[in-house]
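Each structure below appears as structure tokens.
Two complexes come next, and they have one chain in common, chain A, joined by chain B in the first and chain C in the second.
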Partner chain A sequence: MIWRRLLLTRLAGMVATLAVLSVVIFAGTELLPGDAVSAVAGQHASPAQRAEVRTQLGLDRPAPQRYLEWIGGALHGDLGPSYTGGRPVTDVITERLGNSVLLALAVYLLLIPLSLTLGTIAGLGSASGRRGRRADRVILVATVSMLGVPEFLTGGLLLAVFAVWLGWLPAVSIAPIGGSVLDDPQALLLPVASLLVVSLGAATRLVRAGVANVAGSPYLEAARLAGVRGPKLVLRHVLPAALGPATQVISIGLGTIVGGAVVVETLFDYPGIGNELQSAVAGRDVPLVQGIALTLAAVTLVALLLGDIVARALDPATGGRP
Partner chain B sequence: MNAGTTGAAKVIRARWVLYTAAVLAGGVTALALLGPLFAGQPAEQVGGPYQGSSWPHPLGTDGLGRDVLDRVLHGGRVVVGLAVGATALATAGGLVLGVALGSVRHRAGELLMRVVDVLLVLPPILLLLLLATGLPGSDLAVLLAVALVTTPTTTRVVRAATHRVARADYVDVARARGDGWWHILRRDVLPAIARPVLAESGLRFVTAVYLTATAGFLGLGQPAPAANWGRMVAENLDGATLTMSPFLAPAVLLVLFTVSVNLLADGIADLLARGGAA
Partner chain C sequence: MPQSPYSRRELLRGGVLLGGALLASPLLAACSGDAGSSPTGPSRRGGTLRAALVGTGANENLNPFTGATVLDFVRARAVHGTLGVIDPDAPEDVRYGVLAGIDVDDDRSRYSLRVRGDARFTDGSPVTARDVLYSLKFVVRSTPSYAGYTADFDLDAARVDGQKTLVVPTKRPVSDGHLMLCQGIVFVFKDGTRRFTPDTPSCGAFRIEEFDPGEGTLLRRNDDYVGGTGGPYLDAVELRSIVADDARANALRGGQVDFVHDLAPAHARTVEADDQFTVVESRPPDVSGLGVLLNMSRPPFDDVRVRQACKLALDRKAILNTALLGRGIVGNDLFAPGYPDSPTAIPQRPHDPDRASRLLRAAGASGAKVTLTTAPESAGLVRTCTQIAEQLSALGLPVTIDERPAGGLYADYDAYARLQMAATYSTAMPPLQYYEVSRAGKNPFSLGWSRSDVDRRISHTRTLTGQRRHQASTAVHRVLWEEDNVLLPVFKPVLNGQVANLRGVADGLFLQFPSFVEASLQ
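Up next, the complex of A and B:
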């Protein structure tokens, strides 16, 4: 019962947030002076040509009406035709979204165990002897340093070393026509590594904070005195208590990974939705930008909700009750 | 990027880390701001494409035969300048909003904060791309987008600090004395929240540098041939097989800058927090 009520309020909140965001997305791309007509008609079009393009694109109608039509179509899975080539935006998104989700999943698959391991070593080290504190400090300085370095730099440097200098890995990840990116899994390595480096900093810090909190607690001291030691102490007593903050890793990492994916996919020419968004922005393809932005916002919100539910279910303080 | 800094900050208090970071951050800032004074024309073709290092062109030439050193000297100002401008704008905006939301009744403030928080859900780079679509080819769009992305966090911190101060005894005394709200704000509230606000603006600057550099890489802001470290990385990546320095020089400068600014902001936030507790 409690779970159902929680889910319903969260879902309502999610829909409200998405509604506000859809207005932000629409206003950000349509109301500002950047004119879609010049993008389509070209800069040297005559006034008559411009007027014709304007009517063709339906831009002569008032913005609120256009917004309602756009959002009404979106509810039915129709985001309109894109400017370039007139392909339905929904088709472009469904074609590319899978590849991006694959990339994100691969990052999480490595991010979760790595951040848990590093965060636990650092967190436990912070409360123990000289060597432990030293390990803590090294891990922290390293992760804090990586935290603010833009993905295109880590990615670019990885590319320079492994693809250009050593020549071990492909520099771009173009999927064969009709094939999938999985046909050439090597091409995934560098994009995943670039995204991982940046999100690992934030994630490790979160886990470390959770573990450090438990590490100094009387509760853990009691477990130690009761004779629980080594891996068992970590698995049974430290990690469960630190799992709450650790699940935040999933939510916190999300913004970084979704945003970073735009950059990394562009850098490696990976056939994902972020790469498509970047070229849509460069080509001033407004419907495509709006559709992708709305999709990414919705995906982010759903993932945040899932992360929140998992965090609540795992939190020992509530014993799995919401 | 907007990761929590809970507890982690206090470990990086080794002085030499802070000093090294300060020197590096200061050095790169000086190079970025003063560089154009010592450089030639950044858009002028001076040789063939991707020539290696030589005497008149110590960093070689890029794909259009332009002198890389000249472009490096010109390309930092926009990255550092936009980040400073956006941080100033976001701090000012966050200060006004945060003090206002922290002063009103708790329920109302909480509700308004939720509205501001909606902006935090969108990944920052997405917001950056959206505004760049609305205002194409403009550095102003980058500045506004970065300020917009960083304002909600600052607002939250300022609001929390103001809320604590607004309930303090000395503010009650001032109110009972009949001081006006402006007087209370200037004499009692602002000095009390200065430390957290300063620490916060440092951390936001880190985000701002990250975003302005990324904007350059994605080709947002003032279009080519303007020099921009972020864009130079994108422009010269293809030629990295021929000559590495046109790609490596801006990339290394940006890495040095982001890492040092990050460590410095973290250390300063920690010093301010400890000073505030003492």
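Up next, the complex of A and C:
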């Protein structure tokens, strides 16, 4: 019952947030530099031709009316047609979102074990002897460095070394014509590595903080006195306490991955939603920009909600109660 | 702003330019083709060329005029063929594609377009005059941007004369209509074509074997193609969309593609430092002018002496070296170099800051504060404007730069027309047509330029031929050179990077949208 109430409350909050965001997105695209009519009609269009295009695009109607139509369509999965190619925006997003989800999953597949391992070593090290503290400092410095370097620089460096200089990996993630990005898994490596570096710093530091809190706690000391040592101590007593906050952090880290994906996908020409957004903005394809922005907002909010729920479920302090 | 038959979106996406090839010009000395750096010997048949160009994403389709990116046009040129392209070595300055030729009546009231007898679509049907008429109307209908191509012709009064001749009346007597009809984007579609799929009949050098929106297109050689000068030599061409220019450069250097279109100057320098690659520069007229318009309806630019002072104050070579890293040509404040009508007899304007300073003082404009509005609408445009601003400030005309985000310069067309100084970039189009499209008739985008006498002289010049035309063109351009409001210090070429064993791309002409019809992998 308590879980149900929590879920309903959070869902309502998410819907309200998404509604506000949809207004912000719509207003933001209205204010974008560049006029969709000019983009479609061209510079030579006469006033009459421009008016015709404006009517065709539905831009002659008041903005509130267009917003309601857009959001009404979105609720039914219809985000309208793209200005440039004429394809349904929903189809374009579905196609590209799959590739981006694949990229994010590959990042998480590495991010979760790596951040847990490094964060645990650092967190336990912070509360132990000199050797442990040294390991903690090394990891802290490394993660701070990762946090300080923007994704375009990280990606650019990886690209310069592994694609251009050594020639080991492809510089751009182009899939075989008619195939998918999975047909050439090598093409995923550099984008994944770039996003991993960007997100690993924050995730590791948050796991470390959780572990460090537990490391000095009386119940862990009690476990030690009871003879629990090594991996058993970590797996049974340290990680469960640290996982809650870490899960939330990892869900928050999705924001980093989504934001970074726009840069990284463009850098490696990865056929994901971030790259598509960049193309849509350049082409003043307003329905596509709106659709992608709304989708990314929804995905991020759902991830945050899931992260919050999992964190509460894993929190030993609450015994799995919300 | 000089207007072009392209929308701002198209230009932003790919630096889309119109044009063809060139007549011999002193400007050419500054440019390089691919003849000197590519392997020699007879062109080898076979092989697959992998090319990367600016395209769009998953909403890509096969109608070249709905996406209107460089990739869309290159694919359409390869697949559908064109009426022709401008070629300085051809007798009428045009290399015909689907057409065998164009006959013009003595009074220039009618153009007769003759279709090649052996031209066929991929479904085996012959290309007819009716197809050509349909194609012309299709191009014009696609978007108002393209109306300029046939603005001199009355397509509604056109008449099909037999299977192979299309007679098109002119709206006014012009003798250069073939230069617009053969601009390389007047693609040829089969009469009635409305939907574009890989199976749509076409008559270009290649046919579509596979199309994967947003990923790429695989083209296979059309052995029945008749428009080439020996080609097509390649078995196949893979067209890939890579939007970011650094990603295109990296794809070439990483060996994932063999040809990349439109590199930034810095990337071109990196690419050509490696012996495995060469960089091919387009030549005039396939270049884009970068500069500034001075608003003649606002002080201090309503005084011709101030405008002349600004022109004389520019150190064009320094701007070229700084803004374009030396890749390009020095401009002479006149649009569209390299065409038959381009005024080569007008001398290059000198850098004369002393005279400029005297003119500015005489006009009482020393110290007048002005604002230059710019935006990164074309690569190198902001840097060019920054250089212009610095040099004019040094002259005694303090310039404040108002830099807007990409797309911001033309976001409000009415506001653009009121700017005191505005960045501009040109597209390649024959100069007389360019003037009529972008500056004649008090065009608001020409920022206060309003000279009905010049409009009439340009219009009259277009009716002339031969030496009389050349003299008239030079004379009217001299008026523009001395009195108008255009600062055009540099022209930017298209820089294409390619593997060293690729040759013949430039032989297909019109490098803005390379055809690959004469390309071969040696």
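FYI, the second predicted complex is superposed on the first by the 316 of 322 C-alpha atoms of A that agree within 3 Å, B and C clash if a C-alpha of one lies under 4 Å from a C-alpha of the other, contacts with A are read in each partner's own complex, and residues count from 1 in each chain.
Everything that follows uses one rule, which is that a residue touches a chain if its C-beta (ideal position, glycine included) is under 8 Å from a C-beta of that chain, and two chains touch if they have at least 3 such contacts.
Just so you know, these numbers come straight off a predicted model, no measurement behind them.
Once the complexes are laid over each other on chain A, chain B and chain C cannot both fit and instead clash. After overlaying the two complexes on the shared chain, residue contacts for A:282 are found with chain B and with chain C alike. Using the contact criterion defined above for the overlaid structures, shared-chain residue A:144 touches chain B, although it does not reach chain C. Contacts of A:164 after superposition on the shared chain: both chain B and chain C are touched. With both structures placed on the common chain, the touch criterion links A:24 to chain B but leaves chain C unconnected.
Legend: residue contacts after superposition of the two complexes on their common chain; A:297 is shown touching chain B, with no touch to chain C. Measured by the number of chain A residues touched, the leading partner among chain B and chain C is B. Once the two complexes are laid over each other on the shared chain, residue contacts for A:96 go to chain C alone; chain B is not touched. Once chain A of one complex is fitted onto chain A of the other, the partner contacts of A:265 are absent, as it touches neither chain B nor chain C.
Looking at chain A, you'll find residues 32-34, 159, 164, 266-267, 278, 282, 284 touch chain B in one structure and chain C in the other.
Across the complex, chain B meets chain A through its residues 1-8, 11-12, 14, 17, 115, 118-119, 121-127, 129-136, 206-207, 209-210, 213-214, 217-220, 230, 233-234, 237, 240-241, 244, 247-248, 251, 254-255, 258-259, 261-263, 266. Residues of chain C that touch chain A in their complex: 1, 3-10, 12-13, 56-61, 66-68, 143-148, 210, 212-218, 238, 240, 242-244, 246-247, 250-251, 253-256, 375, 404-408, 410-413, 437, 445.
Against chain B, in their complex, chain A makes its touches with residues 17, 20-21, 24-25, 28-34, 126, 136-137, 140-141, 144-145, 147-153, 156-157, 159-160, 164-165, 201-202, 205-206, 208-209, 212-213, 248, 252, 254-256, 258-260, 262-263, 266-267, 277-278, 281-282, 284, 286, 289, 293, 296-297, 300-301, 304. Contact residues on chain A toward chain C in their complex (touch as defined above): 32-35, 38-46, 49, 82, 84-87, 89, 91-92, 95-96, 159, 163-164, 167, 170-172, 174-175, 177-178, 266-269, 271, 275-276, 278-280, 282-285, 288.
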